[in-house]
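Chain lettering (A, B and C) follows the sequence in which the chains are written, and residue indices restart at 1 in each chain.
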Amino acid sequence: MAEYLVEIKNERLSFFTPAGEVKALNDVSIHLKEGEVLGIVGESGSGKSVTAYSLMGLTAYPGKLIGGTLEFNGHHIEKMSEKEMRAIRGNEISIIFQDPMTSLNPVYTIGNQIEEVILLHTDKNKKQARARARELLELVGINEPDKRLKQYPHELSGGMRQRVMIAIALACEPKLLIADEPTTALDVTIQAQILELMMELKDKLGMAIIMITHDLGVVASMCEKIAVMYAGKIVEYGTTDDIFYRPRHQYTKGLIRSIPRLDTTEHEKLVPIEGTPVDMLNPPAGCPFAPRCEECMKICLSQMPPVTEFEGCHYTQCWLIQKEEYEAEGQKG
Amino acid sequence: MLKYIVKRLLLAIVTIWAVATITFFLMNLVPGGPFLSEKAISPQATAALEAKYGLDKPLLQRYMTYMSDALQGDFGDSLKQRGRTVMDIIAMKFPVSARLGGISVLVALIMGIPMGCIAALKRGKFLDSFISVVATCGIAVPSFVVCTLLMYFFGVKLRWFPTVGLTSWKHYIMPVMALSFYPTAYIMRLMRSSMLDVLGQDYMRTAKAKGLSGFVSLFKHALRNAILPVITYVGPMLAYTVTGSFVVEKIFTIPGLGGEFIKAINGRDYTLIMGTTIFLATLIIVMNVLVDIVYKLVDPRIKLK
Amino acid sequence: MKENPLSFQLKLKPEDFLPATKEEKESQVIMRESVSFWKDGVRRLAKNKVAMVSLFIIVLVMIFSFIVPSFYPYSYEEQIKGANNLKPMEYSAEEQAKIDAGEDVFPHILGTDKIGRDYAIRVMMGSRISLLVGLVATCIILVIGSAYGSIAAFFGGWVDLIMMRIVDIIYTIPDILLIVLLSFSLKSPLQQLVEVPGFGWLGVLGENLVSIFVVFALLYWVGMARMVRSQVLMLKESEYVTAARALGVSNGKIIRKHLLTNCIGTLIVTTTLQIPSSIFTESFLSFLGLGVAKPLPSLGSLASDAINGINTNPHLLFIPALLISLIILSFNLLGDGLRDAFDPKLKN
């Protein structure tokens, strides 16, 4: 048994568009133990969804894995054929998508769509599959499951549909659940309910979760570890405490500054991060965050900073850390 | 559902009434009458004939008489083909047109849907470009052009198929090709774009994430959604094949209802014009209602109001 | 520890850690230039080779049908003696004699028809009629359809309900059936109308041509009306219009900046695609003998006339048949190109 359930090492993935190669992932490494919850945080286009999708072999055309290894539960994802991948998808790894309104097929009943995945991956017959579907709906907290099974997606509310998506994802008791911004498209009150449900189910079923979000509030309450992504790179990685109390990268600091807080006594202003993300078609030579960074230095613009590791699993990539060390060395020397 | 059908039927009746009324007054605007062209008949005989069919009465009275008769199912006798009722003629000619039209619709669906799917699945590849070019050219060629080209090459030059009449299966090939040409091309285009749209939908990603094979996600999840626009098109397509057969019937000398209609107009056969118009209009409207109901069965989101 | 291992590896210098200037930071941000909607659309259209070729063909056909006939040596109704059924580039005996005598005789590029009319000029006139019908009928449809549709959408309520019911009814009427009937029955009232002073210009166009226009005006505007109505309704309720209104933007500016820009793309595309369908219908009618009056040719009637001589003179059939297909194809492809370029909803 390997140490980790998921181990992604130096993954590089590019989209080959007519306009040129877009380096969506550049040297991304992630590892996750069984039953752990990892949050991947970043703004749109930072590569967080691409990372998760590549783990399921769902990379959309014209994306292509060009380097690195992806290990899941003893499988080498990057070497597996489409047919082998199909046996894993929906079975050992499941995913919940962002928009429950469009993620269910409008012309089939809820029951049909849940049973489909059960029939595909287990030996259950139709009747057993229906019973299991009913059980799943109860599990995700949907009332009147018998009635719901016969209903069509458009007859259900958004929160209800996301519960159905979770039921589909959990149908075969996966080892890993990927949640791709599962609450972004929902009302705030529903968001909390769905997150609570997910944590509850995690404790009950003991699966690992990769939580993809741009909402730091979500990861703070749910995740044990957090990876902060920017422009296809993990700029900082650590436990939730590391990220929230000892952030080392300027981007992480910026993200934290931009969340509203209730515990401040003074009228602090929220500080947004100025500027826009880099154009991934023409990535800069240096740190991708440099043009938006308040502490930007000359070297930041020309060279990519090296990885600096701290205690535990905490690491970051920032020249400011190098500067501190350099100055400390200088004083010593 | 029932309420919807009742509502649609009411609308259909209004439409048919409108068509009948417009047709009645329009055809009476056309100069000449059914018996004027027959030189052999004396003026007295013409007058007698007109009196017999009530053509000497004022227009409005004739309209009222016709409508009340028609309501009771009596569409009268043909004015030109003596001794035959309008219903007889329709009953004799319509099956010919219907068979031809039905086969053409089937051919269009059987050819158009798979080709459109293939084009969408092979997006950007050679096969896609090829099918798209064929479809684009196909909808640009009027039916009479298709007919005449087919006739010239296969009928006159190569002598593969007979060019006149509709007596054996060989006779059907060219008219069906001509009649299904446009709808096939149209369905190919429709199917391609709707399939492309569906393939990009989130639920297709869900299907893949469930571990379904490409085959199952295509047939179960994509096709049923992608086919919806095609169903909507079946209504107009039926209208097209019914009326498009005017040209085909003329060129291939097929004894169908389309040819009969043109003949009736040329001969001012008032009752036959009315009968055919009402019949075809009813047919198309009923077909449209049926298509709507089928649509509802395929797409649960549609609420028939 | 003599040397800093870091500086050894990466050769760091203290000046590397100086703050970067604003200019240096900005030089890293490559912004794509922003272009206006129209500029962007035209640029994309110009890039679309298929659409540009189609446009070129349409312009070419227009030159040949509207300009060339005015200085062409033959006229479409002139019957040249002894020049019946000439094959392309052939001369009649009389013309051959003239040529032998050293005179210049303009060749019959496409031959002549069975009563000795130069076919090239007839085809040119035929495409003139077809294009004219396509353009004029489309204008009629555009005007009636958009007026009707926007009125229905603007007033809403029961006005909208009744107006749309009427549209529904017209929509379900089998069109070809009514067109055939209409073009038949309108002929004589129009002929009488031509006699009335002030309406003589109708005669110049020909009763049939006018009746075709009437048919289009009566039947084909419904599709356009539906489209315009749904567009206006959608835009009326769209959030950016509400937002603009909330910001105090004037009605005039909302209409100019939001409604028109968003509607006009769709309108242009629908109109362009309506042209070939009008041409299509006209050729169909002419083929059935219900189109333009003789001796004026249209592409449909030329094809229809040539059908009887299909064995001896197939080119008389093929030329108008292929030309009409080419015209319709070009308009369709141009319409597709315009849609790709100007319909913002289909952008990307």
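Note that a contact is a pair of C-beta atoms (placed from the backbone, for glycine too) under 8 Å apart; a residue touches a chain by one contact, two chains touch by 3 or more.
Not measured: the values here are computed from a predicted model.
Student: So what shape is it, when you link every pair of chains that touch: line, ring, star, complete or other?
Tutor: The chain contacts form a complete graph, every chain touching every other.
Student: Counting C-beta pairs in contact, which chain pair has more, A-C or B-C?
Tutor: Result of the comparison of A-C and B-C: B-C.
Student: Between subunit A and subunit B, tell me the centre distance in angstrom, where each centre is the average of that chain's C-alpha atoms.
Tutor: 54
Student: What's the distance between the Cα centroids of subunit A and subunit C, rounded to whole Å?
Tutor: 50
Student: Subunit B to subunit C: how many Å between their CA centres?
Tutor: 26
Student: Which residues does subunit C have that touch at least 2 chains other than itself?
Tutor: none
Student: If we count contacts the way the header does, which residues on subunit C are in touch with subunit A in the complex?
Tutor: Within the complex, subunit C contacts subunit A at residues 1, 3-4, 6-7, 10, 12, 14-20, 24-26, 28-32.
Student: Which residues, counting only subunit B, touch subunit A once they are in their complex?
Tutor: 201-203, 205-213, 220-221, 224-225, 298-301
Student: Using the touch rule from the top, collect the residues of subunit C that touch subunit B in their complex.
Tutor: Result: residues 165, 168-169, 172-178, 180-182, 184-189, 276, 280, 283-284, 287-288, 300, 303-304, 307, 310-311, 314, 317-318, 321-322, 324-326, 328-329, 332-333, 336 of subunit C touch subunit B.
Student: Sort out for me which residues of subunit A touch subunit C in the complex.
Tutor: 275-276, 278-279, 282, 284, 286, 290-291, 295-301, 303, 306, 319, 322-323, 325-326, 329-330, 332-333
Student: Would you tell me which residues of subunit A are touching subunit B in their complex?
Tutor: Contact set of subunit A toward subunit B: 56, 58, 85-91, 94-95, 97, 99, 102-108, 116-117, 120-121, 152, 154, 165, 168.
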